[in-house]
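Labels A, B, C and D are assigned to the chains in the order they are written; within every chain, residues are numbered from 1.
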């Protein structure tokens, strides 16, 4: 294992070096009207995580209809199990010499996946802030200008905000824990009643970070660029804690759920008492579609729950760049952001700065009803804590695989 | 040496179907070779399957050495069935096939090898042990199958048309071999065939089965020459049947009155005679002489078949000496004699 | 219904009907009953989930029966319609192409001896013995370059790898039992080689070849890994749609997808055996 | 009607070309990729780094052991149950409802894709699945945790059961056709020579259908070794079956993992082929 790492690093560097040697990809500045004209009648392949029926319905429904109606553009929604697959696809296409006819036109992305594309010079930059609807976004807000610590640098368009939240069945757990420490105590006191999905599951990985930050003593301890020394010190504590927790987990930590869907099933059937999600509206939706019991309630932790912004990006080798820009702009529009925020559609929080909207539009967002199973947005905002940078995320996942998941 | 008693055996295939075997009874003497003969479809093979345990009988019983075997599993009965196909196991060599039954009983290998050699010698196949079944001729394969059957010293050996698929000359030779080996091992044997010559030439006793029932059982010559019924007469080729009535030892037919050596039972209304027992061109005044008109002459190599109409539309067939086809022609008036010993009253 | 797939194994020429083996033993009944239960039971939750709503442990039956998932599946422009269309199209195309390419090879292997025959047989058997994932991974780069990844055409092309062996092997066994004397007879009676093919050979081998076609369709219909790899998420067949519904945690939608993944295969089975039944029971 | 060599060549050419290009070509490109050669990009830095990376994967041995266990257990169980079922079915009278139902289910089951079998296995066997619910209803267990872990478990029992469920009908149908071609009479002959029912099957029928069963087992073994969807849906987080491991590496966001993913797939395939050959020669060698 020790001998392998330098080899791996060398291989990775060679691959990235090869790719990075291609000149930077900045979009030629063009008036948006010209872009719209070029895009008319075309199509756009929009790749995004396909694991939620509401998202699929939103894209295939309101989004596709709006683009067809207003711009004559066909939106092809391509659902993937993991956004890493999209990054992989862009990489392999580019490696195979496909530089301007790539199959991915637009991708829902953030964190390490964005970083991989950006470091590899595989993402289109220099157009985002020029989109007509970009004026509705506060680009100076640090939670928008950096994506898991990677500067956005006009290479992606913010789309949604997400907050991590826990969920439980109020019929089973009347008073859920208030802090991460209390949750850990609860797990110890109730062996077999808690589980988290193994990485690379996105939500499982987020839970591990949540615990890692708890062990570090707060988000400040992991802020800033990656530092191996700091990481090792915290990791010893954090993974010691996770290891000590294993006997108290579902099936004694022998195996872990492999996906958030599997954890949700365990929760729904009373095999475990908690689940969690980076999209709290899921709790409302799952009560409505019968996946979760009606007594499901979501909650936050007083010492902080993670929050992030997710973006849409155009790969540098996209075939239909203009159409992708038109779609990106439309996704940032008040109408589609409002549609997306409605709990009966998707319920994903907007990235628009309400102060930049007309009062009437801003009131529309404020008046959005909330499902009783979903924790209040204000409450989420109160305890939101930033994600560590992508390098931290990668290191935490890798360490988990080495210590716990073997 | 075992006795076999089949008692009112009945078997029907499928509910409501006509019985294939219908109250069939037969006794086999210990060490005897009995031929069960009858046309195809008469139920012979079903009798064998009931004996071997391959089908369940619907009624009746089979006793071997006095005790019923119908409740026993096939392998517990001591009954071996050998069929028309030799059914040698293709994955085993000749020695493996012959020794199979002993191996199943768990006999020691050395013992099996010795017995296999003995059996192969008995069927005159010394040294054939390592050969594969597909490398054997038809006759050799049948001999291996016979050795395989007899090595387990069965209480009863059942042979179901074992020679049918062989060439005529080979059949003759195999018949002799079976007889020799059967005598040597004194195995009570039931030999099923549809070939009447084969039946009478190979067996100690012949049982005739028709329509699922036993019609006649006796010594070969008795069955051959003295059929019990019209159907039996027809089967054994006693093709000349005259209708009439008995008056003491006289039998009165439309063509004339005949004297018989045997006396008919009260209700008998017919007599049978084999073609080869009739005499063509009898002297005037010979006993039981009848006049007739030659209707056809057929040369058969060893003999000539002459059909003679004796009046009243009654036809008699005479197996005349071969040369007769040169001296007799269609349309000739001839006289034939029916010797009294050749006439046998039929009971039904 | 006779066992129409029995022809798939090039052994013997007798169909696998259940014989009236004697003596009839009722003792086989209980194990068989267990077997039937074992074959049916996993499909019970599949069907139940498709109409279930809020079905939690320990409820043995769904608390509420809902046709919402079905309504959603059959709504205009639903994923299910598209996936069904894709599955049918891709599988039918792969089967048709496979038959076109594979049947002549089957005939050659079944009826003729020729130099290199062993090598051809090995090439045909190889895809059955070597898992296709590695091969598809090897092809991936080329297919990207040719613009075939993420297209139905590309998926059909790689489906030929698992489909062809079955077509070739089944048709080889069909032709192996086909007696060429009939063709010689027809030629002797004045039929041209085309007429012989049309009026003598084809009618005689048609039942066997329809089994090959059905098998080819089903092999393509069941593919998962290859579709995922080459389709790149853009070619969504029914099995993939089922996988996506499971990943989304929607058991009701997954139940519908599962039922709809099974039904067309059953239809092909019933259709094939009816066709075979009409052409005289094998 | 002599057939010219040219016309036979024309008949096999399309198949040879398509399989040669797609299968042979794919295999060749896969091998090249693992040794650092990408002819389409013009890269020729030959090295065995990919294989070294595979050898150093954490938990590789656990995955190998589990994969071999799953493939072997699935093959043995499918053959055992499938052959017994076929023999039982043959002994049953032709027209019983049960016999016809089994035969229909055998064939119907062949048409069910593996992914459905995997989903069905999860819904039936998980600790809150249908069987667990029935056990709870009968008072056998007091909660999901009391039910044995049959899916997502480290011994991959759920994966094996999903395979066995799918393959038993396959074995059954093949065995029925094999038994039909052998016929009942060799077995009956053996019975009349004194063999018990089991001896007749073991020493007479089985040796004659053995080649067909070996082929059948080979197909199942190779399939269980290389299929992704069944273990992906029914498997535990650790250890993962090799096809799942390879697929996840192939589609991970570091392209550098790709050659290793291909190397893992190829090694699995090669090892599988090796095991199949060894197994076959062992079985055919043991025949006499």
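In the analysis below, a contact is a pair of C-beta atoms (placed from the backbone, for glycine too) under 8 Å apart; a residue touches a chain by one contact, two chains touch by 3 or more.
Bear in mind that the values here come from a model prediction, so they are computed numbers and not experimental data.
Undergrad: Can you name the chains that touch subunit A as well as subunit C?
TA: Both-contact set = D.
Undergrad: Considering only mean CA positions as chain centres, point out the chain farthest from subunit B.
TA: A
Undergrad: More C-beta pairs touching across which pair, A-D or B-D?
TA: Ranking A-D and B-D by C-beta contacts puts A-D first.
Undergrad: How many angstrom lie between the CA centroids of subunit A and subunit D, rounded to a whole number?
TA: A distance of 37 Å separates the two centres.
Undergrad: Cα centroid separation between subunit B and subunit C, in whole Å?
TA: About 55 Å separates the centre of subunit B from that of subunit C.
Undergrad: Could you please state the distance in Å, as a whole number, between where the Cα atoms of subunit A are centred and where those of subunit B are centred?
TA: About 92 Å separates the centre of subunit A from that of subunit B.
Undergrad: Residues of subunit B that touch two or more other chains: which are they?
TA: Within subunit B, the residues that touch at least two other chains are 53-54.
Undergrad: If I count partner chains per residue in subunit C, which residues reach a count of at least 2?
TA: Counting only residues that touch two or more other chains, subunit C contributes 22, 24, 56-57, 141, 145, 243, 246, 251.
Undergrad: I need the residues of subunit D touching at least two other chains; which ones are they?
TA: Answer for subunit D, listing residues that touch two or more other chains: 38, 40, 128, 144, 250, 258.
Undergrad: For subunit A, which residues count as touching subunit C in their complex?
TA: For subunit A paired with subunit C, touching residues are 45, 47, 50-53, 56, 60, 76, 78-81, 85, 89, 92-93, 95-98, 101, 103, 259-261, 264-265, 268-271, 286, 289-291, 293-294.
Undergrad: Mind listing the subunit A positions that touch subunit D in their complex?
TA: 1, 3-4, 7-8, 11-12, 14-15, 82, 84-85, 87-88, 91-92, 95-97, 112-113, 116, 192, 197-198, 200, 251, 254-258, 262, 265-266, 269-271, 401-402, 405-406
Undergrad: In the complex formed with subunit B, which residues of subunit D make contact?
TA: Going by the criterion above, the answer is residues 185-186, 188-197, 199, 203-204, 207-208, 287.
Undergrad: Mind listing the subunit D positions that touch subunit A in their complex?
TA: Residues of subunit D touching subunit A: 38, 40-41, 49, 52-53, 56, 58-59, 62, 126-128, 143-145, 149, 152-154, 235-238, 248, 250-256, 258.
Undergrad: How about subunit D: which of its residues touch subunit C in the complex?
TA: 1, 3, 5, 8-12, 14-16, 18-20, 22-33, 38, 40, 81, 84-85, 88-94, 96, 98-117, 119-121, 123-124, 128-130, 132-134, 136-137, 144, 165, 168-169, 173-174, 176-184, 212, 215-216, 218-219, 222-223, 225-229, 233, 243, 246-247, 250, 258, 261-262, 265-266, 268-269, 272-273, 276
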